[in-house]
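Take a look at these structures.
Next, two complexes with chain A in common: one pairs it with chain B, the other with chain C.
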Partner chain A sequence: MAKVTIDHQTFEYEGQQGLLQFCLDHGVDLPHFCYHPAMSAPANCRQCLVEVGMPQRDRATGDVVKDDAGNDVIQFMPKLQTSCSMQMADGMVVKTHRSSELVKRAQKDTLEFLLINHPLDCPICDQAGHCPLQNQAYKHGPEGSRFEFEKVHKPKHIDLGPRVVLDGERCINCTRCVRFTREVSESHQLTIIERGVRNYPMTPPGVEFDEPYSMNVIDICPVGALTSKDHRFKARIWEMSKTPSVSTVGAKGSNVDYWVKDNQIMKVTPRTNMEVNEYWLADEERLDYRKFNEDRPEGPTVEGAPVSWDMGWKAAADCLQGVDGSRIVFLGSAWATVEDNYLLGRLAAAVGASAPVYLPHVESGHGDNWLRTDDRTPNAQGCERLGIRAISPAGLKARLESADVLYVMEDDPVASGACSVEDLAGIKVILHHYNTTNQTLAAADVALPAAMAVETVGTYVNMDGHAQRLRPAKAIAGVNRTLSMEIGKCRADRHGTPFDKWYNESNLVDCQPGWVSLPEVAAGLGHAMAYKGPKQIMEEVSNALPSFKGATYPAMGEHGVRLETAGVTA
Partner chain B sequence: MSKAGDWRNYKRVLLPPVKDLHRLDVYEANEGYRALREVLTTDKWTPTSVTDEVKKSGLKGRGGAGFPTGLKWSFMPPVNPDVPRFLCCNGDESEPGTFKDRQLLEYNPHLVFEGILIACYAMTIRKAFLYVRGEFADWISLMEAELEKAYAKGYVGQNIMGSGFSCDIVIHKGAGAYICGEESSLMNSLEGKRAYPRIKPPFPAQKGVWGYPTTINNVETLACAPLIIRNGGEWYAGIGAPTHAGPVLYGISGHVNRPGVYEYPTGMLITDLINEVAGGMRGGKKLKALIPGGSSTPILRADMIDGVTMDADSLRAAGSMMGTSGMLIMDEDTDIVSWLRRITHFYHHESCGQCTPCREGTGWLENIVTRIDEGEGNLRDLDLLIDLCSQMEGRTVCALADAAAWPVRYTIDRFRSEFEAKCKPSLVASGLEMATV
Partner chain C sequence: MADFIKHPVVELPERKPEPVIPADQLHFSEDEKKQIQTWISRYPTADGAVMRALWLAQEKFSFLPPEVIQLVADELGMPYAKAYGVATFYTQYFKEKKGKYVLDVCTCFSCQLCGGFDMLHYLEEKLGVHKGETTADGVFTVQEAECLGACGSAPMLQITNGTYVHHLTKDKIDALVDALREDKVPAFTSVTLPQDEDEMGGNRRTDVAATESYGVCPVSETTR
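Now for the complex of A and B:
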């Protein structure tokens, strides 16, 4: 196997590999700005310079020349090389800043240059705290500056498009954003204009930077030059905590981090998962987070009057009590988790009703064969794998004609056009809802607010059969040991929990996950449906159903499990 | 010791003294396209033998780097009929002090066309781009008209002279950026992209214009090709300095009586070029300094040029480079600091901004040199300048950072006292004790 020596440590490798990526993968930290694994390496920031040498070979024989001690004689290249653009070769010897004063000096020099015209406005910059330039300047940069002149001035706070704002002075010209629009999204909406030290990224004349993936440049910008119009100046990075979870906006199930402050979702950023969304996230997935914070219900209601949770659950059980199973319609949801849909199926079976159905929310033409999909729900595949089938609004309407009770879990049949509030006048409606804007709420006899994807523990299965875990990013009102434990486990800090100085009780939503409400309703009917928590439910699902084989919580971990497709009618 | 032999009786070949030579009929009457006809229509020549003849001539690139031309041509990969390949003729001449290619393009364009076609034949290329500075607008239209005539006569285009060899020449006007003269950014500019230099490897012969094998040669270099074919590689190798042979266009500017472009063999004594060719120093002043080959080559003091000839070896020994042989002559009244200020301004203005050290460094250099020139500099600024040069040299994608740093480094090195004289006096020198400040 080929060998490469980095700072006197020898590594083995196979195939063609870039030196910088290899170093990063093997715990050899090298400062860099312009390099991004998903894009070409222009080697323009010059931050990742290293010394590179190869064993010297005898010109006549081709043998490696040995010194007196029998070691290979290494011939170093006369100039420092950018590791990002350097392909590794067998026998290569690399010296980074750990073993070479020259490299250390070069890295410091480059940072000095990068900082002379940088505004150094970190105290008011959104990037501060998670800024590669800031971090690397502290780690590898010079102390103080020798620059005694006026900095170059460039345009500031320019709206490149509807969602991205540019501060030209902060830009260090790494061209990551330009390469993103060229090589990844292929919208070609950004380019560098001007020349030399006046360079900055800009759209061509008459073009708006409005592509559906524009906000990815905010994440890959190594400084605060590109910021989110939606999020800028809303929260400092250290005031928020982030939770790894899954997007709720489409069937792709893009992996995301939810950022929470004061128990409210502040922003959504992509989380790398090479099997799903790679490094990217569609703008619509980032911006559709207000639903988690706004128009949230305040506890259960019966006939519109607030009640306690126990009374709510009992009222729901009373609605179902004694009704012939054939006259109850259970509506599952492609927004609800696999666990909750499974429990709904069990409840339906317990009362003798047929299996739940779900309303698909498909917007034809919305998808782009990348991260945006026609299906606007995250878990239709999970429903199908549970045997919960899609039903058209008209089909649902037909079924309601012979129904006495409609049990709606986390959906809105009125808004979907399946029925009107008047149609539901003669039918008892039990509704688990997310928001007070739910139009079925007006017809609901029993309304049991449901925890949303950012508040619960559960599983979504994306369109490709990738089962992934949801983790609670924000807390709900009341005590739930499972959720508290999960929040504690998946956050590195404790922001947003009762132990946090930012903690704000007014933003706790009084709702319950389906895996709490459904067993309570079942218990009211005398059916035991007790689980220790969603983990145990998913274990049962993965054991009972071949289409979920292997989808346990430990197996899904942070990046999910690709389920077998055999025998699935999706 | 001059290596140019009997240069006073040298007969010009690149720019012969023929009136209206730029016109096709005049050019034809003066052996024009004879070399091309010989190459295309006689059995004597094959692509390999043309390349070998150029190798034999010892021709080195005239664009500044001085790379052996025949060797460069032989770097092209074997011909694959499915893969296009290109030649670029680099006429984006814009280094301060360099103005020789425009003479060729203006007064002898057909020699350049003929050279391009011979090079294309040698490398089996069917399309050549002549990249010219857009500022040369006045005579580019004349040149285009002459190219049309050459097309009409069947010297360019399909099935040239019935030989079965076809080759197109496209004249492309640049939009006026110095960096476009760097070969890889020239290719990007040609492709319609922003003229950022590319990382090498891959070299142009592997991945050039639109990713296809490409060779890039300077205008003057290609103009030598017909001469080599006409008169043989040995004839060419016999002109001028043995290790850096051939006729060369000396662009002499500055404080001399007759500035201009002069064709002579390589290996001319610098003193001969100043005192005899260019008619001596203007106003009988004394020579103070000169740059031998365009603004980025290290400056030479008057006392450093004794016996130095204009060829790579001699200039290297003297501490400079041949570059483009655009000589800038400065007399004793020249303010070197002010001159350097202008030069740093140029590189600051022309840095493309791709690489950090060049983008930020060129501006900083200008800032400091300007401050010194205005009498506001400190002595420590000189050390800082040298430091910044070290931070720039060899750390960028292309050589512009080096080209920007060298004038600063060598001018301070060779004229330090003039810089010190312009700086604010040190406290010690001004008689102040630290305690009294």
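Now for the complex of A and C:
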């Protein structure tokens, strides 16, 4: 196997590999700005310089030359090399800043150059705190600048498009954003204009940077030059905690981090998962977070009057009590988790009703065969695998004609056009809802606020059959040990108890996850549906249903499990 | 450039400019298209021909407003943004309307030492414009240029990305301006080293049989 020696440590490797990526993968923290694993390496930031040498070979014989001690004589290239564009070769010897004063000096000097025209506005810059330039300047940079002249002033706060704002002065011209539009999204909406000290990324005249993936350039920008128009100046990075979870906007199930401050979602950023969304996220998935913060219900209501949770659950059970199963319609949801839909199916079976159905929310033509999908819900595949089938609004309307009770979980049949509030006048409606904007709420006899994807523990299955875990990013009102534990486990700041640094009681929503409400309703009907928590429910699902084989919480971990396609009937 | 050192401000280009070339004139002729195709065939990808095609467009339209850059990009089948980046990179591509003759006076090191600024200022005074500006009659634009690679005959200037005028003196500038007003563009002068003059007949071009070449080096007034 081929060998490469990095700072006196020898590694084995196979195939063609880039040196910088290899170093990063093996814990050698080489500073860099322009290199991104998903894009070409232009080697223009000059920050990843290293010394590279190869064993010297005798020209006549081709043998490796040995010194007196019998070691290979290493011939170093006369100049430092950019490791991002350097392909490794067998026998290569590399010296990084950890073992070479020359490399250390080069990195320091490169940073001094990069900082010559960079404004020192970190205190008001959104990138501060997670800025590669800031971090690397602290780690490897010079202590001060020797540049005594006025810095170059470039255009600031320019709206490149509807969602991305440019600060030209902060740009270090790494061209990551330009390469993103050229190589990844292929929208070709950005270019570097002008030359020398005057250059910065810009759209050509008459073009707006409005592609549906434009905000990815904000994440890959190694400085604060490209910022989000939506999130600008809203919160500092250290004021938020992030939770790894899954997007709720489409059937692709893109992996995201939810950033939370004071129990409110502040922004959504992509989380790398090479099997699903790689490094990227669509703009619509980043911007559709206000639903988690705004128009949230304040506790359960019966006939519009606020009640306690126990009363609410009992009222729901009373609605179902004594009604013939054939006259109850259970409506599942492609926004609800697998666990909650499974419990709904069990409740339906317990009262003798037919299996739940769900309303598909498909917008034909919305998808682009990348991260955006026609299906605007995250868990239609999970419903199908549970045997919960899609029903058209007209089909649901027809079924409602012979129904006495409609049990709606986390959906809105009125807004979907299946029925009007008047149609539901003679029907008892039990509704688990996310938002007060839910139009079915007006017809609901019992309304039980449901925890949204950012407040619950659960599983979504994406369109490709990738089962992935949801983790609670923010707390709900009331005490739930399972949720507290999960928040503590998945949030980097270990928020979990009222004694923690970030604990905050503002903006708590009085809602309950389906896996709390549904067993309570079932218990009111005398059916035992006791689980220790969603983990146990999923264990049961993965054991009982072949279509969920292997989808346990430990197996899903951070990056999910690809389920077998067998056993699914669309 | 001197001004840029004192006031280093980069202006944002107009982001939604009105087109200046009428739509019915905004196209390449069949011959021009054929020419562009010939250039494309010389490169691995069509993008490679962008500089030649932009040059052709500049000669046709006299400058490169965004719609012309778009036309070139479409002709080559390359992204407009990329072509725009190329056009803004090179100062020789004119992004705005210039005078009929653009006089690029070199003020880089060698020319500066030999009186490049004297020549620039003389030209500015003579034409009544500042560098970067165009005379009211639209005939001359005076610009300051970085090194044009003719240090051996400093100070010098270039006429509209073309002919060089070497060893500038005030008299030479007077004569040049008069000649250009009558549309008499000076002939190409070979830049040779004294030792080569005999050997190569003073001709540095392979495409013409003979060219003029300069003889004795004048010395700038400043140095004198």
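One rule holds in what follows: the second predicted complex is superposed on the first by the 558 of 570 C-alpha atoms of A that agree within 3 Å, B and C clash if a C-alpha of one lies under 4 Å from a C-alpha of the other, contacts with A are read in each partner's own complex, and residues count from 1 in each chain.
FYI, a residue touches a chain if its C-beta (ideal position, glycine included) is under 8 Å from a C-beta of that chain, and two chains touch if they have at least 3 such contacts.
Remember, predicted model here, so these are calculated numbers, not experimental data.
Taken together through their common chain A, the two structures put chain B and chain C in a clash. In the superposition on chain A, contact is made by A:Gly168 with chain C only, not with chain B. Looking at the shared chain after the overlay, A:Leu344 reaches neither chain B nor chain C.
When the two complexes are overlaid on their common chain A, residue A:Leu114 makes contact with chain B while staying clear of chain C.
Of the two partner chains, chain C is the only one touched by A:Ile158; chain B is not.
When the shared chain is aligned, no partner comes close enough to touch A:Ala453: not chain B, not chain C.
Within the superposed three-chain model, A:Phe149 lies in touch with chain B and with chain C [touch as defined at top]. By the touch criterion stated above, A:Arg195 is placed in contact with chain B and with chain C alike. Between chain B and chain C, more residues of chain A are touched by B. Touch criterion met: A:Ala43 reaches chain B, while chain C stays clear of it.
When the two structures are aligned on the shared chain, A:Met538 is found in touch with neither chain B nor chain C.
When both complexes are aligned on chain A, the segment of chain B among 56-64, 146-154, 236-244 or 254-262 whose C-alpha atoms clash with chain C is 254-262.
Comparing the two interfaces of chain A, the one with chain B and the one with chain C have residues 149, 152, 191-192, 194-195, 197-198 in common.
Interface of chain C with chain A (complex): residues 5-17, 66, 69-70, 79-85, 88-90. The touching residues of chain B, counted against chain A in their complex, run 177, 194, 196, 199, 348-357, 359-364, 367, 371, 384, 391, 394-397.
Every residue of chain A that touches chain B in the complex is listed here, in rising order: 41-47, 49, 78-80, 82, 85, 106, 109-110, 112-114, 116-117, 146-147, 149, 152, 172-173, 175, 191-192, 194-199. In the complex of the two chains, the chain A residues touching chain C come out as 149-155, 158, 168, 181-182, 188-195, 197-198, 200, 202-207.
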